[in-house]
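First chain A sits with chain B, and in the next complex the same chain sits with chain C.
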Partner chain A sequence: MATVSADSSLPDVAPAEDLRGQGAVRRVLGGAIRTRRGQIGAGLTLLVLAIAFLGPVIPHGSATKFDAPPFSKPGNLGAGLLGTDALGRDVLSRVLDGGWILIVLAVLATLLTIVIGALLGINAAYRRGFVEGLTMRGVDVVLAMPQLVFVLLMLSVIGPKRWLLVLAVGLSQAPQTARVIYAAAQDVCERDYVKAVAVWGVPPRTVLRRHVLPSLITPLMVEAGLRLAFSIILIAGLSFLGLGTRPPNPDWGVMINENRLGLGTNYWGVLAPAILLALLSVGTNMFADAIARANLGENRSEQAVIASAGGTGSEA
Partner chain B sequence: MSTLSAPEPASPAVAAGPRPGRVRGAHPVREMLAWRIPLGVLSVIFVAILTYLATQVLPGDAASSILGQSATPERLALVRKQLGLDEPVLTGLWNWMSGLVQGDFGTSLVQARPVSEVIGPRVLNSVVLLVVVAVLSTLIGAVAGVVAAHYRDRWFDDTISTLSLVAIALPEFVVGVLVILVFAVGIFNWFPAVSLIPPQERIWNDLSKLVLPVLTLVIVTTPYMFRMIRAATIEALQSDYAEVAELKGVSAPRLLFRHALPNALAPAVQVFGLNVLYLAGGIVLVETVFQYPGIGLALVSAIQSRDVPVIQFLVVVLAIFYVMLNIVTDVIVLLSTPRRRAPR
Partner chain C sequence: MPRAASTEATAGAALEVSDLSVVMERSRIPVVADVSFAVPAGHVMGLVGESGSGKSTVGLALLGYVRRGLEIATGRVSLGDCEVLELEGSAQRQARGRLVSYVPQDPASGLNPAMRLGTQLHEAIAIHDDVLDDGETVQDRATRLLEEVDLPTTKAFRRSYPHQTSGGQQQRIGIAMAFSCRPRLVVLDEPTTGLDVTTQRHVLDTVRELTRSHHTTAVYVSHDLPVVAGIADETAVMYAGKIIEWATASALFSQPRHPYTRGLLNAAPTPDRATVLVGIEGQPPRPGQWPKGCSFAARCPRAQDDCREAEPALARLESERLVRCIHPLGSGEEAAATPTDAVAHAKVEGRGNLEVEGLTAHYGAKEVLHDVDLAIKPGACLAVVGESGSGKTTLARCLVGLHANWSGDARVDGQPIAPPASKRSDEQRRLVQYVFQNPHASLNPRMSVAENVEEPLRHFERLGWRERRAKVLDTLEVVALGRDFADRMPGQLSGGERQRVAVARALIVEPELVICDEITSALDVSVQALLVEQVRRLQHERGLTALFITHNLSVVRSIAQEVIVLEQGAVVERGATDTIMERPEHPYTKQLINDLPRFAEAAPAG
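Let's look at the complex of A and B:
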C-alpha cells in the first residue's frame, strides 16, 4: 500500500516539486496502480474498454438487421453465439457495437463536470465575497434536486439528444465537484506563496492558473476518478430509460431494457450487456477508490467516496 | 454533503463561524435552523421556478410539442389553456405556484384527472418501498459493519468488504435485472418479475411484489451504511476507553454494541440520510425495472408522454422532500455529536 506517498500529499504539506503539474499526475496514478485494488480496477476497466472499442472493428454480422426469430437461444435456428434479441437481431453484434458510445459520453460528461466544477470552486475560493456567496448558494440550489431528476428534467425539455445528455450529466455533477474543489482550494489560497504573488500584482487569472491550480492536481484527479465512475452509471441508467441512443442503434443500457421480456427464453440479451456494464462500473469504481485511498489516506477517502456518491445538499 | 466528521469546508455562513459578538448560549440547533430553513425554502422556490420555466417556456410552444402530429387548432387551444400558456409567463408562474401552495396541482394532460388524484396513491407506494428499504439496509449494514470491525482483516471482513465494494459500484438497474434473473425467471421462480398492481390495489396486500424491488435497493444502499459503521466502530475500538472496557473484562458483544456502536451514531445518521436522499432519485430506475407503480415510474412515463403538469409537480415534490431531509439529517447529526455543538 502506498502509505508513504499518501502522507506526502496531504494538502498542508509544502508543495514539493513532484506534487505539481505533470509529475503529480504520474504520481497519483502510480500510487493507485501499485495497490491490488487499483490493479484489479484497471484490469477490469481495460478489459471492457477493449471489448467496447475493438468490438466495432472486429468483423461481425449486422447489429440492426434481422438474423433469426426473436429470443432464439444461442445456436438455435441459425442464431449467433449469444442468440437473438427482442427483434431477432444478433445479440453478439449488438454487444460489440453498443459499448463505445456509452464510454465516450461518460468521459465527455466527466470532463465537462471537472472543468466547470473546478472553475467555479477555485474562483469562489480565491475571490471570496460576492462571487463566493453566489456560487456556493447556486450550488446549494442545484443540489436541492436529486441528480437523476435534474438530468431527466433537462432531457425532457429538449428531448433526448446526445450532446444534451453530456451537458445534463456534466452539469448535474458539477456542483459536487465545485464544492470539493472549493474546499481544497480554500486551503491553497491561504498559503503564503499564493498571497505573495497576489500582493506582487499578478492578475488573479494568472495566480489561479499558475499557482493555485497546480497544487490542486491531486484532489482533481481523485474527483475525476469518482465522477467518471458515477457518470458511467448515470449514463447507463439514462440509456436504460431510453434517453441515450436512438432505437435501431445498439447500446448496452438500451439492450437491457429491450430484452427484459425475453429473460425466460434468451437471457443473453440482458445478461451480456449487464455483465459488461457491471464490470465496467466495478472496474472504474475500484480504480477511483484506489486513487482516493493512495492519495487521501483511508479515512478521508472513505468520506470522499461516500460523499461523492450521495451528493446531497447538506454541508454537515 | 461533503465531509462526515472532518471540520466543515467553510461555506460563507459557516466560515463566518462564531462571530465575536455572538450571543452566548443561543442554541446551535436553533441557530442552524435559522439559516437552513430560509435557504431551504428559497431553494425549493428556485427549483419550482426553474422547473416551470424549463417545462413551459423553453421548448418554444409546449402545447404543440405535446400534441405533436395530432394538433388541431381546437385541441391546441385547449392544451394551451390547461398549461396556462395563453397568459403571460409571470402570470402563469404565479398562478401555478399559488395553486401549489393551495393544494391545486393542476390537471394531468394524459389522464385528464387532477394531478393529486393521479399521483397520490403512487406517493404512498413509493413511501412504503422507501421506508422498508431504509429500515432494512440500516439494520443489516449496522450489524454487518460491527461484526466486520470485530473480525477486522479476517475472512468475514474481507468477504463482506469486497462484496460491498462491488455492490456500491453496480448500477441499480443492473442489480435489478440480475435479481430478476436469479429470483424470478432464471434460477428460482420465487417472486414475480414485475410488480404491476391494479390502480385501486395497495402494494402491501401483495407483499411478494415488494420483495424484489426491496432486495434490489437494499443491495445498492446497504454497503454505504456498512462501510461507515465499520470505519466508525474500528476507530472507536482503538480508543482508550474501549481498551479499558476490554481489560475490565466486558464481553465482546457488549463492547461492540454498547461501547463502540454509539460512536457510529452520527456518521450512521448521515449515511441514513444520504441513502434516503439517494433513494429519492434511485427509485426512478428501480421502479422502471420492476414497473413498480410509484412516483419514479410516474416521472418516467410523464416525461415520455410529456405530461407537463405531472412532471412539474413531481420535481417540486422531490425537491421539497430532498431539502427537508437534508435539514433533518443535519439537525440529528448536530444533536448526536456534542463536540460539534461546542463553540469553536
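Let's look at the complex of A and C:
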C-alpha cells in the first residue's frame, strides 16, 4: 500500500469534475444514493412514480364506468383486484389513472415554491438592510397564517382551477423555503470568496448567480424534497375537500374522500391511494434526509478521515 | 490501578513509548508509524511537525485516545508502572485526569460555555475521589490551582462564564484543570496557538512553572519551533507520521542533523535580524502514499538514489541524538542564514502610493480605530503590527472597502477613495487588491483554480476566452504554481498553494497596491517562507506597493521596510523596521518584541 513513490504533489481527493458547479447536482445526488437511507427513499419514490405514470398506459378497465355493486370486495362477482368504490367503479383502474395528475401538480407547485423562496431568501441575505427587513417580515406575516387556510382562501375566492391550485400551493409554501434558504445564504454571503467578488464591484445579481447560488445546492435540494412531500399531501388534501380534481375523474385524494364511508366493507378504496400517498411522502422525505446527511458530513468517507487526521494546521 | 499520587515529588513518572502506530480503522492505512521515545520523569518533550505530520495523533494516542475512524494498531505507552494503552473501561476513565491529562488547542472549545468556571474546575477535581491531600477540600484545591496559574481566586471570577474571560485566561483554566489531579503526564496540544505573544509568554511560563514544581512529565505538541525551543528539554521532529529526529532541545535547535529539521529552521523567521526565508517546496506525502524510501526524499536537497530505495531507520547518531536519515548533515555543518536586502530595495519608480490621514472607524457606536495616519511610498512594504483586537484587520478592510463605516482622508495615487467599495470607481477598485487571511475560505470551492483567478478579469476587462486563459496561465507562473494547476480544484491544493492562487487572483488585474491581511498565519513555516519570499520578489519585479498586516513581528523583519504598531486602534509607534525592532521606544512595542519566543532560549536538558 505504501508503494506510491513519485507523484506526492497530487493528493487524490475527489475527482475535479465532481467538485465543479456543473457537477454539483450530480455530486449531491450521488452522495445521497450511496447511503441506505437514500436508496430506500429513491426506491419508494420511483415505485409510486412508476405506478402513477405507467398506470394510465397499462391496459385496464374504465375508471369511470359502473363495474359491480358499490363497495364490492375483491373477489366478489364482477369486482376487480381491489374491489369497487362508492359508485361501483373499479378501484384498481381508478388508482392507476388517478395518480399522475396529482404528482404533476405537486411537482409544479414545488418548483414554484423553490424558485420564489430561493429568490426571496438569497436576496434578503445578500442585500441586507431594507430589502432584508421587508422580505423577512413579509415572510413572517404569511407564516403566521395556517397554510391550508391560505390556500382555501385563494381557491374559494377564485374557484377551483388547476393553475390556481399550483399557484396557491406554491405560494403558500414559499415563505418556509425563503426562511431556510435565507439562513443558509447568510452563511454563504459572509464567506471570503463572496466578499472578494463584491469588493471588485461585481453587480449583486452576478455575485448571487455565480457564487452564492451554487453553494446552496444542498439546502435547495433538501428543501425541494421536503416541499414535494408537503405539496403532495396538501394537494391530495384539497382534492379530498373537493377543491382539486373534480369528479368523476379519478384522483387519489378524491378517492379517499369518496370511499371513506365504505371503509368497513371495501377498505381498499381508501387504503390503496392512502398507502401510495404515504409511500411517496416517506420516500421523498427520506431521500431529502439522505441528501442532507451525505453532504453535511454524517457519513464520512475515509478520505475525510485522512483530511481531518492531517488537520489544517494552525488555523486558529 | 495506579497508586494515588498524593505527594507532589512523586507525581511525575518516566514516559516510555515504543513502536506506536495508528492506522485507519477500515483500510488499515498507517497514519502514524514506528514512534518510540522516552521522556525522563519531570521533563518536557517537544513534539514538533507541520500540519499533517501526525503530531496531534501521537499526542492523543499517549492518552489512549484516537479520533473517530482511527485505531491504535500496535505499541506500548508506559508511564512508570502503568501501561496506558492496556487500560479499559472504568480503569481508563479513572486514569484520565488522574494519570494522564490533556490541554486542547482551542481553550474555548475545551470549556463548557454554559457552566461557571468555578463549577467546571470543581468538577475536574471532584470526579476522582482520592486526589486531595489530607485535610484539603475541593475548594482549597481549586483556590491553589487558580493561584498556580496566576488567575484571580475571587468569587466573582469563579462565578464567571468562559465567554466573560479572555483567551489567555481560558487557556490557563484549561491548564489548571489538566493539572488539577496532579497527573503524571500532561499532553499539551498547541496550547498557545491563537494567543497573542504576551499572553503566550504568560501561558508558557505557567506551564513551565507547573511542570517543574509538580515534577510532571509533559509532552508539548506544537508547530511553532521557537516556542518549543523555549519550553522543551528534549524535542522530537515528526514528518509524515514518523519521528525523523530526536535530540535535546538545545542540540536540536542549534545544530540540526536531519535535512528536514534544518529546512524548518531556515524557514523560521527571526526577530533579531532580517534573513532570507528559505521555504521547502512540495508537500509531505499523505497517509496511504508514503514512499518506500525516505518520505522526505522528494523534497530533500541532499537526497541520493539510496534514499529512495529503502526507508532509513531512526539511528543513534550521538549519545543524545537519533536521526532517521542516510545522509545526515555533518555536526559542524552550519547553513548560515542569508541576510536579506529587503530594506535596500525600496523602488521609487512604482506607482500606487497610499496616504491615509485621520482614519477613524466604527463598529456600530464603538470606535475601533482612532485617527490612524499612514503613508506608503510606491514600491515599498509597510507592515501593520498588532495583537488581536488592535484593529489591524479593520484597517485593512476599511482601505479595501469591505468595512464602510469610517471617516478620514485616504488617497491612492492622490485620488481620495470612498468608504464602501460600491462607491469607488472601477479603476480604484482595480488598483487596490486584497488578499484574505484564510486561503481555505477565500477561494470559491466550486470553481477551478483558473476560474477563480480569472474572476476579477471578467469584471475589469473585456477579454476573449483565449486571452483570459493566457493571462491566467502567465499569472500562475508568476506565483510559481505552474500551468498544470489551472484546472485543479481548490480542494485539491494545500494551504500554501491556495494562498498562492489567492495572490495570483489579486495580481492578475495588475494592481498597484496589495493589502495582505495575515496571509501567512494559517500556513506552516516552510510554506510561509515561500510565500513571504514570493511577495518580496513580486515587489521587486513589479514595483508593487504592499501593506502587510500581521501579528508576527518575526516575519516583519524579513519583508517590510517600515512598521507601524497598533494598540487598541491607535498607532503607538512608527518607523523603519530595523529601528523599531532594535530600539523600540513605546512600552507596548518593547513588550511585544521582548515576549517573542526565540531559539536562543533552548534550555540545556536536565
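We adopt the following convention: the second predicted complex is superposed on the first by the 276 of 316 C-alpha atoms of A that agree within 3 Å, B and C clash if a C-alpha of one lies under 4 Å from a C-alpha of the other, contacts with A are read in each partner's own complex, and residues count from 1 in each chain.
To be clear about the criterion, contacts are C-beta pairs under 8 Å (C-beta built on N, C-alpha and C of every residue); 3 or more make two chains touch, one makes a residue touch a chain.
Because the structure is predicted, anything quoted here is derived from the model rather than measured.
Applying the stated contact rule after C-alpha superposition, one finds that A:Arg179 touches chain B and leaves chain C untouched.
Touching more residues of chain A than its counterpart among chain B and chain C is B. By the document's definition of touching, neither partner reaches A:Leu134: not chain B, not chain C.
Touch criterion met: A:Asp192 reaches chain C, while chain B stays clear of it. In the superposition on chain A, A:His211 makes contact with chain C only, not with chain B. Legend: residue contacts after superposition of the two complexes on their common chain; A:Trp200 is shown touching chain C, with no touch to chain B. When the shared chain is aligned, no partner comes close enough to touch A:Ala50: not chain B, not chain C. Within chain A, the residues touching chain B in one complex and chain C in the other are 300, 302, 305-306, 309-316. The touching residues of chain A, counted against chain B in their complex, run 37, 132-133, 136-137, 140-141, 144-149, 152-158, 179-180, 182-183, 186, 229, 233, 236-237, 240-242, 253, 256, 260, 263-264, 267, 270-271, 274, 277-278, 281-282, 284-286, 289, 299-300, 302-303, 305-307, 309-316. Looking at the complex, you find that chain A touches chain C at residues 1-6, 8-14, 16, 19-21, 24, 191-193, 195-202, 211, 214-215, 300, 302, 305-306, 308-316. Taken together, the chain C residues at the contact with chain A in this complex read 24, 26-31, 50-52, 54, 56-57, 67-70, 105-106, 190, 193-194, 223-224, 282-293, 298, 308, 400-402, 421-422, 424, 426, 429-430, 434, 436, 438, 440-448, 452, 455-456, 459-460, 487-489, 491-492, 494-495, 505, 521-524.
Across the complex, chain A is touched by residues 1-6, 8-12, 14, 39-40, 42-44, 46-47, 51, 54-55, 58-59, 165-166, 168-174, 177-178, 180-181, 184-186, 193, 224, 227-228, 231, 235, 270-271, 273-275, 277-278, 280-282, 284-285, 288-289, 299-300, 303-304, 306, 311, 314-315, 318-319, 322-323, 326-327, 329-330, 333 of chain B.
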